[in-house]
Amino acid sequence: MSNNIVLGIIGAGRIGKLHGENIVNNFPDIRLKAIADIYADKIIEWAQGIGIEEVYEDYRDILKDPEINTVLICSSTNTHSTITIEAAEAGKHIFCEKPIDFDLEKIVAALDAVKKAGVKFQVGFNRRFDHNFRKVHELIKEGKIGDPHIIKVTSRDPEPPPIEYVKVSGGMFMDMTIHDFDMVRYLSGSEVEEVYTNAAVLVDPAIGEAGDVDTALITLKFKNGAIGVIDNSRRAAYGYDQRVEVFGSKGGVTVSNDTPSSAVLSTSEGVFADKPKYFFLERYKDSFVEELRQFFNAIKNDTKTPVEGIDGLKPIIIAMAARKSYEEKRPIKIIE
Amino acid sequence: MSNNIVLGIIGAGRIGKLHGENIVNNFPDIRLKAIADIYADKIIEWAQGIGIEEVYEDYRDILKDPEINTVLICSSTNTHSTITIEAAEAGKHIFCEKPIDFDLEKIVAALDAVKKAGVKFQVGFNRRFDHNFRKVHELIKEGKIGDPHIIKVTSRDPEPPPIEYVKVSGGMFMDMTIHDFDMVRYLSGSEVEEVYTNAAVLVDPAIGEAGDVDTALITLKFKNGAIGVIDNSRRAAYGYDQRVEVFGSKGGVTVSNDTPSSAVLSTSEGVFADKPKYFFLERYKDSFVEELRQFFNAIKNDTKTPVEGIDGLKPIIIAMAARKSYEEKRPIKIIE
Amino acid sequence: MSNNIVLGIIGAGRIGKLHGENIVNNFPDIRLKAIADIYADKIIEWAQGIGIEEVYEDYRDILKDPEINTVLICSSTNTHSTITIEAAEAGKHIFCEKPIDFDLEKIVAALDAVKKAGVKFQVGFNRRFDHNFRKVHELIKEGKIGDPHIIKVTSRDPEPPPIEYVKVSGGMFMDMTIHDFDMVRYLSGSEVEEVYTNAAVLVDPAIGEAGDVDTALITLKFKNGAIGVIDNSRRAAYGYDQRVEVFGSKGGVTVSNDTPSSAVLSTSEGVFADKPKYFFLERYKDSFVEELRQFFNAIKNDTKTPVEGIDGLKPIIIAMAARKSYEEKRPIKIIE
Amino acid sequence: MSNNIVLGIIGAGRIGKLHGENIVNNFPDIRLKAIADIYADKIIEWAQGIGIEEVYEDYRDILKDPEINTVLICSSTNTHSTITIEAAEAGKHIFCEKPIDFDLEKIVAALDAVKKAGVKFQVGFNRRFDHNFRKVHELIKEGKIGDPHIIKVTSRDPEPPPIEYVKVSGGMFMDMTIHDFDMVRYLSGSEVEEVYTNAAVLVDPAIGEAGDVDTALITLKFKNGAIGVIDNSRRAAYGYDQRVEVFGSKGGVTVSNDTPSSAVLSTSEGVFADKPKYFFLERYKDSFVEELRQFFNAIKNDTKTPVEGIDGLKPIIIAMAARKSYEEKRPIKIIE
């Protein structure tokens, strides 16, 4: 397969458009040939404006195009596994937004198809490519903190999603904590062995009525002996709160929130600083570019992608265990 | 009883001496009349040097002195409850170092004696009087963060105690985390309802061989609906790590470590700041004075002490539950 | 004149190329038609790679093109004023890199030509568009600090330029401090009335031999009564240091350096943070895009540009006075 | 002379009382025998309360007491030099509050008397003993920043003194900046060679009417080639602002303000931190103890005091030059 990447994007919702624009603005040597969306007519103007050549209603038109060798799957979650299988069978390299699916069997089937086809496959866990978290990862890999002992992730959203979304989201653990499950694997360099969930409905009773939780502390045991905790809230009054701390035998490392500016205002009222960057589009702006850069590089150099199939599968398994722990009020072992 | 406090200290180890010097240096109107220690001869010079009038081998000599109306119990833990009972029966106001005892029945008996005697009783949870934690407490009481949702305490020692001490310490939860159990009650303004312990031996295998743990994440449920987590390590390479974060419906508050100076050095090697203050004597220096000030005020004004008997009892119960959770690998409800 | 901007860039050195790429990646509706450089053959590949249609050796070919209505002057400083005059006479809107010239008469002549032609003119003081400094500017404009009393600018480079460059740079005040002179005008909202320079050669004697200084404290008086100080060094061992502080009747505001990450590593050796972002290309990356955005908007909406001719002229006058103050060892009044 | 320090305090205003209490609370081996104040009757109760044996109206009663070998001169500034001379002639070691005098000849006469008598003499520049500034000093001495190039001191008061005080204070440079002149000598390890003052009346016109200034930037040249700037304001709305920065050939060091707590509150309104500690009594609390400790040690060990006569003289000379520079609008050389 040629190293000249010709790209099709499947799904032109918020994230599909984001990737489209990032590609046009940052990868002049990548040809973004086509985009498919079931509401194709609504995106034609946008697509042409950034120079995408073809707009399809049916993603199969992208899979059929022999020039296109790579696809970005940005459609709704329930279509990810099916499209992954079809794309793999069509020999396309695949970048698939997270989660691959809510159903383990479907994920396994999709990953099998990828393996069989021998195509590149990357899952959209963009936070691994964030400047702060990557730095933590590097410091750990360099041995600066020794063996990891305690891993702490704080992940709080500025606002809960609409209640209609909550109902179909797969639950907070699957929809929101999934990024944190990926993060602890990334930072610990180890697999989660056991999970215990301490969760509550404190933000909005409607979330509880929908069968979900909105506040959680999830403690973890890792294969390498480390322990960890993730804390989540669906609503932090001060905004998007994204921090990690890893503590080890030789020291610890923390990262704090990014802010729009470093301005500190001191008055008779007190000392004031900026709130965190508003939400994930602002906070993780550069990480969305970087994940694609590394995906494209993996294709060009025929190397491993930085977030492989197993990295898409494991967080789903942990999320399921976290939910089970919440329901059964006991620690749950992670299946291998 | 007169408001003129005449004081005896029982036990002249590190903490007894610390209190003695703090009293002499900060409370000129308090008469520190006597100190008792089983190694009386070893402390005579020190005691006279700071103007203590009498040095006894037997603490009962203090209890018998009708001039002395107040005692500080700073002897070894296994004597606390007995001396408390005797001191209460002798009509003395009591400041008792933590923990009151490792045995619930003995604690209850001691508190009953205190109640019956109608004397003031305060437990030495000095961290409540620390400038940082008190500020967090005040901000919460003022409603600045709304209802508490998530309470996080980081408490890590610079070095584990000698293994001989570990063996008689009552275990990490009773010896070290006990302060954190007090802290979460102080900050949450609520009682702990359930505890789950995720602990490990990562610092020193000898600690494990002694039947204890050295690293832990303890998650908590509070009566008011909040959830919490304490993380402990017996050894932080960078020193004494004492931070809290409370997150609520209207916002969050964090406090960071105190440092010897605010100096930040920037060189070609990087940007360097001070490590935290070395250990509890440096870090909590002022809190040891402040707890006495409030104890003395409670006596003078005949008001409630800021850390009462129940505050000495509850952390012991939580520590026991934390240990049980660790042993039985399941969440444990706190007995009422 | 149509609002459809068709652009030519004159000069394809580092800054010309930067602007070219920024335009292609951020302003899809702007047609970047041509670029001119005396070494045209060396830039053809780069120019075609980002889709520039024409590459000329002679900038006059751009001025002659009736389709092109806007030029970016990024050539060497000694050509700025001449090209500005020719471009104005050709009716082109002009974005001119700083400084306009080292010669006041030439600047005045260029600004006269701009005025006569009625074209838009903006000077490339990009730091005004930096997120930190803009925030300080906004807080002052909102009255948060009251009347400005003291304005402090810290501006230190990571490394001095090559000595050959120093010799033709116009001197540190003209080459480096010029940005700070612009900054104090931007932040104070007032004109500089008097300047006193306290400067030295402390970084490299060769700079002194070339007749220049490498370290300076320049104090300023402003028309509105405020006072200010700029401190410069040609070499900060820890990197590019770009901070400001404005203190006023109601309070003060500071901004600190941006860093690659917020990671703080704590070990037995100490507490370590990132050094500042390396140099101006990293530190002011977004400001280069933002200054163009506002320039293009000024053209489209026929409004004032945010950095006008007078803003290009005044810093030159101050730089000259700063030099004179250094030479004559006395405060110098700024000519009107 | 015996190493047993027997102390008399001359002057029982705010600072005299502060020293008295610090001695009683921190130096149990120092005998604070007497205190003298022209309003002796007003301080008797206070003095007896902390165990001072004698209270005199006339300081000469202290000088006459052969048991007393050390005096603290805390009376009004205009008496410092006279009392210093008399105390030296009486063979007493002397700790003298700053400034020694406003008159150079009187200072020189006082220092001559000290020298002739061979007694210890220390000036009360307490900020040298502050944890932050001392750390900066140490880092510089250890060579961490290389040769100092730029020294910056920020020193702003929370409120101007009463206008009646302003009139007799000797002016802002003598009353307030004097500490900063001491600080730059302490940090630079070098003498000031030249000073230029850029000052204004921006806080209160009444200060201007009293012939003084309330806002200033004072730039300095040092013998070792470094340059420096002090910025002062008589009123910082956010409180007492005490920071320094020293920049050198190998890096830089900064210290920021101390705060009552490290609490950071994040809400929908923003991110809030504590204001600086209120004023010098809170901010420099420990430094007042430390300066005495080192003074007493110098007596006990017969070593040099850490702030000698020359250190009391030089800041006065610089303050005079700063005033002259302001009046004559030109840089002023410091006399040797």
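We just call them A, B, C and D in the order they show up, numbering each chain from 1.
Definition applied: a contact is a pair of C-beta atoms (placed from the backbone, for glycine too) under 8 Å apart; a residue touches a chain by one contact, two chains touch by 3 or more.
According to UniProt, the chain labels map to these proteins: A, B, C, D = Inositol 2-dehydrogenase.
Keep in mind that what you see is a predicted model, and the values were worked out from it rather than measured.
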| item | value |
| --- | --- |
| Most distant chain from subunit C (Inositol 2-dehydrogenase), judged by the mean position of its C-alpha atoms | B |
| Of B-D and A-D, whichever chain pair has more C-beta contact pairs | B-D |
| Chain centre separation in whole Å, for subunit D (Inositol 2-dehydrogenase) relative to subunit A (Inositol 2-dehydrogenase) (CA means) | 58 |
| Averaged-CA centre spacing for the pair subunit B (Inositol 2-dehydrogenase) and subunit A (Inositol 2-dehydrogenase), given as whole angstrom | 43 |
| Distance from the mean Cα position of subunit D (Inositol 2-dehydrogenase) to that of subunit B (Inositol 2-dehydrogenase), given in whole angstrom | 39 |
| Junction residues of subunit B (Inositol 2-dehydrogenase) - those touching two or more other chains | 236-238, 250-252, 266-268, 274 |
| Residue ranges of subunit A (Inositol 2-dehydrogenase) touching subunit B (Inositol 2-dehydrogenase) (in the complex, touch as defined) | 146-147, 149-150, 152, 156, 196, 198-200, 202-203, 215-217, 219-221, 225-229, 231, 233, 236-238, 241, 247, 249-252, 329-331 |
| Subunit D (Inositol 2-dehydrogenase) contact footprint on subunit B (Inositol 2-dehydrogenase) (complex, rising order) | 24-26, 28, 49-51, 131-132, 134-136, 139, 144-145, 250-258, 260-268, 274 |
| Subunit C (Inositol 2-dehydrogenase) residues within the subunit B (Inositol 2-dehydrogenase) interface of the complex | 236-238, 266-268, 270-275 |
